[in-house]
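Pasting the structures in now, so scroll down.
Both complexes shown next keep chain A, but they swap its partner, so chain B is in the first and chain C is in the second.
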Partner chain A sequence: MSSAATEPLRRNSVGWYLYGVAAAEDASTRVTSPLAAGTEEEVELVAEGPLVGVVSRVSLHEFDESVLPERLSDANWLEQKIRAHEQVLERVLEDASVVPCRFCTVYRSEAELRRFLSERRGALEAALDRVRGKVEVGVKAFIDRDRFAAGLAKENDDFRELTVHVSTAEGGRAYLERRRLEQLVASELEGFRGEAAGRIHARLLAAAEDGLALALQAPELSGREEEMIFNGAYLVTANRDAFEEALASLARDVGGDGVDLELTGPWPAYNFVPEELGAE
Partner chain B sequence: MSSRELEGYLSGQPAQLADVLERVLDKGIVIAGDIQINLLDIELLTVKIRLLIASADKAREMGIDWWEGDAFLSSRNGRRELEERLRKLEEAAGLPTTSQEESDR
Partner chain C sequence: MSSAEPQTLKQQVTLLDLVDRVLNKGVVLSGDITLSVADVDLVYVGLRVLLASVATLEEPRERLSADGARP
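What follows is the complex of A and B.
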């Protein structure tokens, strides 16, 4: 896509794209077999001591620093590569615990990759221990304004009265009453958001090994028109029954206030590995 | 919407691109690989990609399907046009809603 003339030397050079690191005893060759068919990338396991790097050989013509910025601004390329990164790790996760690497971690040679795996063995094993037998799940909470308002009307006489007014008033008065109701709902919602988010996080944290709050997503990103009031990530045992039970019970409790919960995952434990490996 | 809805929460839907981005771009171990996007670039990239998704979804809601063709996002002109439309959408989103209310009356 980019002009070949700018990068003639590296055209055939191979880089090693590292998706993540797993324990050699967990990761089997099964990890790599079905992947080759499903994605463009052939996935290999590079074993170094007790660890394996989950890698693909990639063309440096595609991934080198000089061309990467241009690639990254190509939305199609980026989505395809990001999804591939995720799919490879999800596939590994079916059989083995994995420490996920950030997008586009590439080594120029197999020797450099192996050197990394052996030199940082201690930190990698510690990171792996933390996520062993566990997966990450995401829980998002959305508020349905109409159901929230209906809940208020049920509990609060003033709200009920105003709601009746709104439904019976006509013309300009109806408009004003509707505005007043909307403002009251908005001001109630103001306090409710934070309170509900705190309650949801505490309940889920109690059923998980660890958890944290992520940034809220705008409707354009979440794909739902309701407002997101909480976005959390949790580290849970690979058997998620207990967590899902807690989630279902929580969903029933907050449902009356117009809150819906959405579960995503299992994900590789992206949010529960160190951002950087400590120096050794 | 989902088989899990009866249990009170939604699950089992294909991963939203936004959720994948949130993790693959922002999280995961950062290794000093030989080649790596630096963190600042990742932040810029994340913002940019989120805007791209956001604008595409907003457009879909509005019934505009200009981004559907493969050629669009991959072509340079397409991207420029997309950025221009995105800018307009952002401006529109920044406006107070009074004009909407007036048209409601």
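What follows is the complex of A and C.
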């Protein structure tokens, strides 16, 4: 990385942690008031032309590349910093649109930070324009296998008959019939997942400015027993009424098939800003 | 798990949702210090520990890889 990384690490040297960038005319100094108990970050706004960087001064002893890997494996440190990052951006979002930065974007001096804001002004303004007046929401879909099977039994006579057999059969026959039913449910589910995910995404996209299908979350990380079949992010107008109506109506439609929808947000538009921001 | 209502619409933000955004999305700037891909992988390892300590987890299934992508 930068040559500065090889400089000897001085204790107490200060870095500038950049949470995000907003338009100077929108951002309120309210974000600089102390955060909730438990976080120690003091937030400042660094104005450079029409933009402000939302920053905290941090100790490079804590964030330098030489110590970062160790910090990142400290789960408590990590959770606290991740939550603080989001919390600061959500406060900015109350007054202003914001281009969120990735976790741990740190400058070694205020001058470097200002130089960056000024050099990337055009790209930052374009990114801000795209998210102005909008927020990101997340929608996740989970399938409840039992309700999916019950839905199949309602629509399909063979399924219903088999379900009845399973509930009345005894001994070895019960085992075999249950196995057969499980296999049938699994094979129906195979086609349903993709079809339902496509339908959900299309309906939500129609009510949003933009949308993306994200990678599904691993069950061992999500801690959910139900299988996730869809994970989407949508860019919607700050007034989310139309989108939430579409979501509620969709939830009613897919609920009978055993699909539950979960809404998260509003988020800063993490998924709708360019990943790389080129210099001009 | 008990059978759920016909449809549920919950406002639920998990740490995982946060991590997926704060760590994997957002503008990557030419900061003097930025996370590398290896750093982010490390975070998911740390997260596993964190989640295991706060949640009762089932036996991990093998269907999905650590980053949630389909195999």
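What we mean here is this: the second predicted complex is superposed on the first by the 265 of 280 C-alpha atoms of A that agree within 3 Å, B and C clash if a C-alpha of one lies under 4 Å from a C-alpha of the other, contacts with A are read in each partner's own complex, and residues count from 1 in each chain.
By definition in this document, a contact is a pair of C-beta atoms (placed from the backbone, for glycine too) under 8 Å apart; a residue touches a chain by one contact, two chains touch by 3 or more.
Please read these numbers as outputs of a predicted model, since none were measured by experiment.
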For the three-chain model obtained by superposing on chain A, do chain B and chain C clash or fit? clash
In the overlaid three-chain picture, which partner chain does A:116 touch, first (chain B) or second (chain C), both, or neither? both
With both complexes overlaid on chain A, does A:274 touch chain B (first), chain C (second), both or neither? both
Name the contact category of A:148: first (chain B only), second (chain C only), both, or neither. neither
Counting only touches as set out at the top, which of chain B and chain C does A:159 meet: first, second, both, neither? neither
For A:243, using the defined touch cut-off, is the partner it touches chain B, chain C, both, or neither? Pick first, second, both or neither. neither
Touching A:175, do we find chain B (first), chain C (second), both, or neither? first
Taking the superposition on A as described, I'd like to know which of chain B and chain C A:234 touches: first, second, both or neither. neither
Residues on chain A touched by both chain B and chain C 15, 18, 20-21, 60, 63-65, 68-69, 72-76, 78-79, 82-83, 85-86, 99-108, 112, 116, 120, 127, 138, 214-215, 217-218, 220-223, 247-248, 251-252, 255, 260-264, 267-268, 270-271, 273-277
Under the stated contact criterion, what part of chain C meets chain A in this complex? 1, 3-4, 6-35, 39, 42-51, 53, 55-58, 60-61, 63-70
Would you mind writing out the residues of chain B in touch with chain A in their complex? 4, 7-11, 13, 15-25, 27-31, 33-37, 41-42, 45, 48-50, 52-55, 57-58, 70, 73-74, 79, 105
Once bound in the complex, which stretches of chain A touch chain B? 15, 18, 20-21, 60, 63-65, 68-69, 72-79, 82-83, 85-86, 99-109, 112, 116, 120, 127, 136, 138, 175, 214-215, 217-218, 220-223, 247-248, 251-252, 255, 260-264, 267-268, 270-271, 273-277
Within the complex, which stretch of chain A touches chain C? 1-2, 4-5, 15, 18, 20-21, 60, 63-65, 68-69, 72-76, 78-79, 82-83, 85-86, 99-108, 112, 116, 120, 127, 138, 144, 146-147, 214-223, 225-226, 231, 247-248, 251-252, 254-256, 260-265, 267-268, 270-271, 273-277, 279
